[in-house]
Amino acid sequence: MQDQDFARIGVRLFTEGLVGGNFGNMSRREGDGFVITGTGAYLDEPGDLIFAALEGPAPTGASSEYRVHQAVYCLSSHRAIVHAHPPHAVAASLVLDRVIPRDSEGEMLCPAIPVVGGAPGTQELADSVAAALGEGHLAIARGHGTFAAGKNLEEAYLYTSLAEHACRVIAYSGFFGGCNC
Amino acid sequence: MQDQDFARIGVRLFTEGLVGGNFGNMSRREGDGFVITGTGAYLDEPGDLIFAALEGPAPTGASSEYRVHQAVYCLSSHRAIVHAHPPHAVAASLVLDRVIPRDSEGEMLCPAIPVVGGAPGTQELADSVAAALGEGHLAIARGHGTFAAGKNLEEAYLYTSLAEHACRVIAYSGFFGGCNC
Amino acid sequence: MQDQDFARIGVRLFTEGLVGGNFGNMSRREGDGFVITGTGAYLDEPGDLIFAALEGPAPTGASSEYRVHQAVYCLSSHRAIVHAHPPHAVAASLVLDRVIPRDSEGEMLCPAIPVVGGAPGTQELADSVAAALGEGHLAIARGHGTFAAGKNLEEAYLYTSLAEHACRVIAYSGFFGGCNC
Amino acid sequence: MQDQDFARIGVRLFTEGLVGGNFGNMSRREGDGFVITGTGAYLDEPGDLIFAALEGPAPTGASSEYRVHQAVYCLSSHRAIVHAHPPHAVAASLVLDRVIPRDSEGEMLCPAIPVVGGAPGTQELADSVAAALGEGHLAIARGHGTFAAGKNLEEAYLYTSLAEHACRVIAYSGFFGGCNC
């Protein structure tokens, strides 16, 4: 199964520099499970999506991060998830325990972005991201990337873009003599 | 109503990294009011524009920043406005009360860019931006983004690009041992 | 007169972030003069080019920097010129009197990039750029931008790209604890 | 001979800012030798590829870095090579003797990226890159750029993207008060 929304959002993620190479993944609730991009897929050319159930192992070919998506859908009412690797957000997560946006969109929409732990592909990561997204739209897995969720792919993409923008603004403010912490 | 100029300028704003996600908005004088992008529109795919009068509430669906556009058109002869979120300009506005460009285009076209206050969507923001744009082409709302105005969308876009370029040059000069203040 | 080479190189300059808005200009020797982009043209959509003689005022509509192009063609055998505003190179020119590339391409192709003075549009700028390009391919006008020249637009673009790359590498080396001077 | 894979990967390298101008080159094993991009080719429009043998001088028109490609194919089982000039990786290589990624993808896929010596076009560079790629997928030639190898162009591109991402994350972490070394 292919889907225009996945490609459209993937192109935006790529164009904004929120993901590079074939890293990152996206999913959307579908029936009693969800569809997710395949392992190694380019998000801007996602190709065939894989259907996965809300529990148990995912079919061969699904993104290796399917556990995070399962856990988020089980613990929240979100309908779509975008996982990306925005470089400023990843860098911030190495240093900070949570990101406090200083730009006005960040202050309004996600006044504190939690940084969570757990290695890629593990249940620990799935649990910590799901706990964070049960209460909000956005989390940064330390050293790894953003997980953003919402009512559709568009909303999940917007929170991803918001996170990187907030981290850029914090970082760049130091270039003008401001406190970047 | 759709319009090719809005899409053309929106693509440029996006390509230059002056706006991300579905943030920002644009408007242009039309008859006895103005047309403005819809709330949540992507500037590079603006879709249907909304007509708004110069005073009073805007129709449902208009950008939530319509008050700023109204106030600018009431207090100036500008014919078009671009509101974007260029990250270096936003970062500079957290630290500085006005940006003094050090690049030659900035020095010629906007030797001092005022930073103004007011939360997004408020009349306070509308008033402070309109006061600044009554005397010039460019203001930065603190922590929020640029408002640029001119005789058409093209000119408003150019001032937006100019503001971010000026802030990049100031910031980057510090990388070479210069004073970035 | 329109020309595919101008548009093709202009798109590359834009995509690499070497120029924004409608800033910058390009020219190429043609007959006993040269063709140059129009004032206010977008380099990625240059539209009609203007023919200018090697001396005297340029026709209405030619880029206001035509004096620089005239002076370079009079003092050198270059056949094409690209003037762009790459932000790291402009920032470096505020601080340094010449840029000494530390990347291998820069070391080979332009081991020292002179920074020259003169305000935009003046004969002083034309003279100082022409003096620098009489002996090389590249100069940075302080606070203004790069002027690169060569046997065709492609070569002039490559030197432009090289200058910004060299300045990025110098600047970024400071992020890893290196001396960025 | 032309090839869609080369153009497709070249466009990605260009879009991600991993290469600029006409710098960089790519090759892939073919029969008893390999095909390589031509000297001066734009990687996003590679045009005709040149066939080269595994030893001896390459035909006229082949990239001047053909020696590196020969040496890598002779000393390893890699089937494709991408040489790019990602600016953060080049900057890191001026300061560090090896890059230790701190992002999770870097930690998993290339926990230490060696920085190797040798001037562009020399056998010394060929030998040092080949030694590094005999044991891994990635090396950075000091002050010059990345050499990434793998089972196909796609894999070589991914390691290139990974290297620049790792270096960005290390560099940017300093903007948030972290140790960028």
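Note that the chains are named A, B, C and D in the order they appear, and that numbering of residues resets to 1 at the start of each chain.
Following the convention adopted for this analysis, contacts are C-beta pairs under 8 Å (C-beta built on N, C-alpha and C of every residue); 3 or more make two chains touch, one makes a residue touch a chain.
Remember, predicted model here, so these are calculated numbers, not experimental data.
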Show which chains lie in contact with chain A and also with chain B.
none
Where the CA atoms of chain B average out and where those of chain D average out, how many Å apart are those spots?
41
Taking each chain's centre as the mean position of its Cα atoms, how many Å separate chain A from chain D?
29
Counting only residues that touch at least two other chains, what does the list for chain B look like?
15, 17, 170-172
Pairwise chain contacts under the document criterion:
A-B, A-D, B-C, C-D
Considering the complex alone, what residue numbers of chain B touch chain A?
14-15, 17, 20-23, 85, 87-88, 90-92, 94-96, 119-120, 141, 143-145, 167, 170-172, 174, 180-181
Footprint of chain C on chain B - complex, ascending
15-17, 102-105, 107-108, 154, 157-158, 161-162, 164-165, 168-173, 175-178
